[in-house]
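Letters A, B and C name the chains as they come in the text, with residue numbers starting at 1 for each one.
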Amino acid sequence: MRSETGTRVLGTLAVAALAVLAVMALVVTPPDVNQQDAVRLFYIHVPLATVMYVAFGITALASVLYLLPRTRARKWDLLAGASAEIGVVFTGLTLLTGSIWGRTTWGVWWTWDARLTTTALLFVLFLGYLALRRTTGDTDARAKRNAIAALAVSIDLPIVHKSVEWWRTLHQKSSLLDEETFLHPHIHGSMYWTAMLGIGAFVLLFAWLLIHRYRLALLADRVEDQGLERAIAERRAEVLTGAR
Amino acid sequence: MDRVVVHLHAVVSLLGRFPALAGVDLDVAAGEVVLVQGPNGAGKTTLLRACAGLVPIVDGEAVVLGHDVRRDRRSVRRHVALLGHASGLYEDLTVADNLRFVARATRAPGGASVQDTLDRLGLGGRLSGVQVGRLSAGQRRRVAVAALLLRRADLWLLDEPHAGLDAEGRERLDDLVRQTAAAGTTVLLASHELERARPLASRVVAMAGGQIRAEASAGVVGVA
Amino acid sequence: MWHDAAVMAGKDLRIELRSRVATNQVAPFALLVLVLFAFALDPDRGVLARAAAGLFWVAVLFCALLAIQRAFAVEATDGARDNLRLSGLDPAAIFLGKAGAIAAELGVLEVLLGAGVVVLYNRALHGPALLVVTCVLATIGLAAAGTLYGALAAGLRVRETLLPLLLLPVVAPVLLAATRASEAALGGSPGDGWPWVRLLGVFAVIYVAFGVVAFGPLLEESS
């Protein structure tokens, strides 16, 4: 199957990119002036965060496509779910790497940095969405509910962002400026390109994971769907066999 | 003779992935009282709910009271009255509260008809101030029937209306059905009890396996 | 449509009148929360007074959860959803009516909690204009988002545990903004508070609009 070869190529590219990234991040690039080697976490933290937004963006978009009557199809619901699942994992990793970073540079496991806090909230928001997806009920009803829920969460994101950012910058004291530099170091040269490569590599990884998860969901859905014709025939035959 | 109130042709309706209605053909003319008879699981409830515009129809033609129910389920709802298994009444509200809500929501003319309806069903007086949660099943049924009357609908959809009623309740309901049919309302009645319901009907159809199987006037009914 | 919304809100408020759940259960719960905060945060060290605004809004959130759960529990009766659909009421009106009733109940609870904070935490009220506007907008936002999520979770067996998980993160910005605005009012510098009020306004508008649009499909979804 052509698509299988396509994904295999994608997978290989992803692995290759990640390998190069590992080399660049761990060996080639220099340690940061302020943070020493801790800055190397940056090369996966930022890509993880970027991919997180991509994932949730796909969830929102797929939800819209499901709700519009012209493009309604169950596959969009499945795609939204697959993307959110992977997105949540990446979000968790973003939080983890952010926390480790904070620990190594500042000695604390958590800073109420605007971005980290927003990420934490996003994490819980999408965990809730996934919990909703797992409820029982009629498939079409569930799909509609999922789509509306995804959009209800998505419209909240800009507000969450703005409010948390505002909140934290209002507490601007000199220490926070240092916090800014630690968490968002100025990067240049090889560090910049490594970061870009990181984003690229993780996007490839995400795409590969998404395709596989989505395919799994499609197959599972197809197994449930026995085919309307047969179900109707069985239904009509009830009166003859007396079965139910 | 007159206009067709319900026209169903090859109607398929799914509950989840299960085809509750697997190709229903039924035509009901204005003023008829049609009894849909069949065993449990035949699809009678879904048939009534489809006519009320409550369940999606995925195939076939379905026109009820002039509305294309397949394309726009919501259009017909206001014009039918459904008496289902569950009353859907608010337990904390009194009988009168519940009926007033129905009257206001359906824009039926105000206070006077709520009182009239209460009286007509023997719910006036003390009972009207009792919270529905405290009523017996039979009494709740009566309140549900009162709500039915308040809607002033042209099509009544009655799902096992005799269930849970005692002899007096059943007689009262039968009288009501006869009166309303005489006044021109069309009635579609579903029951698995042939003997009790047959006297009310001008026509009987049998349903099984998601389809209408046999038609007869209110005489002998054979299942295909 | 406004008539329909009023009919719906009237029905919900009448249910409250008959069952007195908000007065007999939620209001005492609200006061209880304030007392529990005092147990958790030593009243003698001034923490309570300083944190009063935040504690107030957290208590409001808890009450909102209860109010929303209750509002949808009454609609969980077998057949109630069918009746709503058959009633011919515009779904947008049903949303507005339900949210309106919840907002009204929350408003009363907030007055109660406000009195509680003044008395129990020894915090005087200042900046009434800012406080009132904050409460109004925050309440509208909470009621709208709450009604939306209440409907999403309605009818599910796991409704009681799912609703808080779904709703609280979504209304976190409301908690944030309302607390900051309230603190600004209480602290005598209302100028700092008004920008937060704008955020509350945006939240309220977005969720009222979304609720109005999304409620129709949500009401439809089951059999």
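Keep this in mind: contacts are C-beta pairs under 8 Å (C-beta built on N, C-alpha and C of every residue); 3 or more make two chains touch, one makes a residue touch a chain.
Bear in mind that the values here come from a model prediction, so they are computed numbers and not experimental data.
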* Does A-B or B-C have the larger number of C-beta pairs in contact? -> B-C
* Asked: Centre-to-centre on C-alpha atoms, which chain is most distant from chain C?
  -> B
* Structure fact -> Note: chain C sits from chain A at a C-alpha centroid distance in Å of 31
* To do: Please work out the Cα centroid separation of chain A and chain B, and write it as a whole number of Å.
  => 49
* Using the average of all C-alpha atoms in each chain as its centre, how far is it in Å between chain B and chain C? -> 38
* Structure fact -> Residue ranges of chain B touching at least 2 other chains are 15
* chain C: which residues touch two or more other chains? -> 220, 223
* **chain A residues counted as touching two or more neighbouring chains** => 138
* Structure fact -> Given the complex, residues on chain C that touch chain A span 145, 148-149, 152-153, 156-158, 162, 165-166, 169-170, 172-173, 176-177, 180, 195, 199, 202-203, 206-207, 210, 214, 217-218, 220-223
* Once bound in the complex, which stretches of chain A touch chain B? -> 138-139, 224-226, 228, 231-232, 235-239, 244
* Asked: Where on chain B is chain C touching in the complex?
  -> 15, 49, 52, 54-55, 73-74, 77-78, 80, 82, 84-94, 97, 101-102, 104-107, 131
* Asked: Which of the residues in chain A come into contact with chain C in the complex?
  -> 67, 121, 124-125, 127-129, 131-132, 135-138, 140-141, 144-145, 148-149, 151-153, 155-156, 159-160, 162-164, 166-167, 170
* Asked: In the complex formed with chain A, which residues of chain B make contact?
  -> 12, 14-20, 22-23, 41, 208-211, 213, 223-224
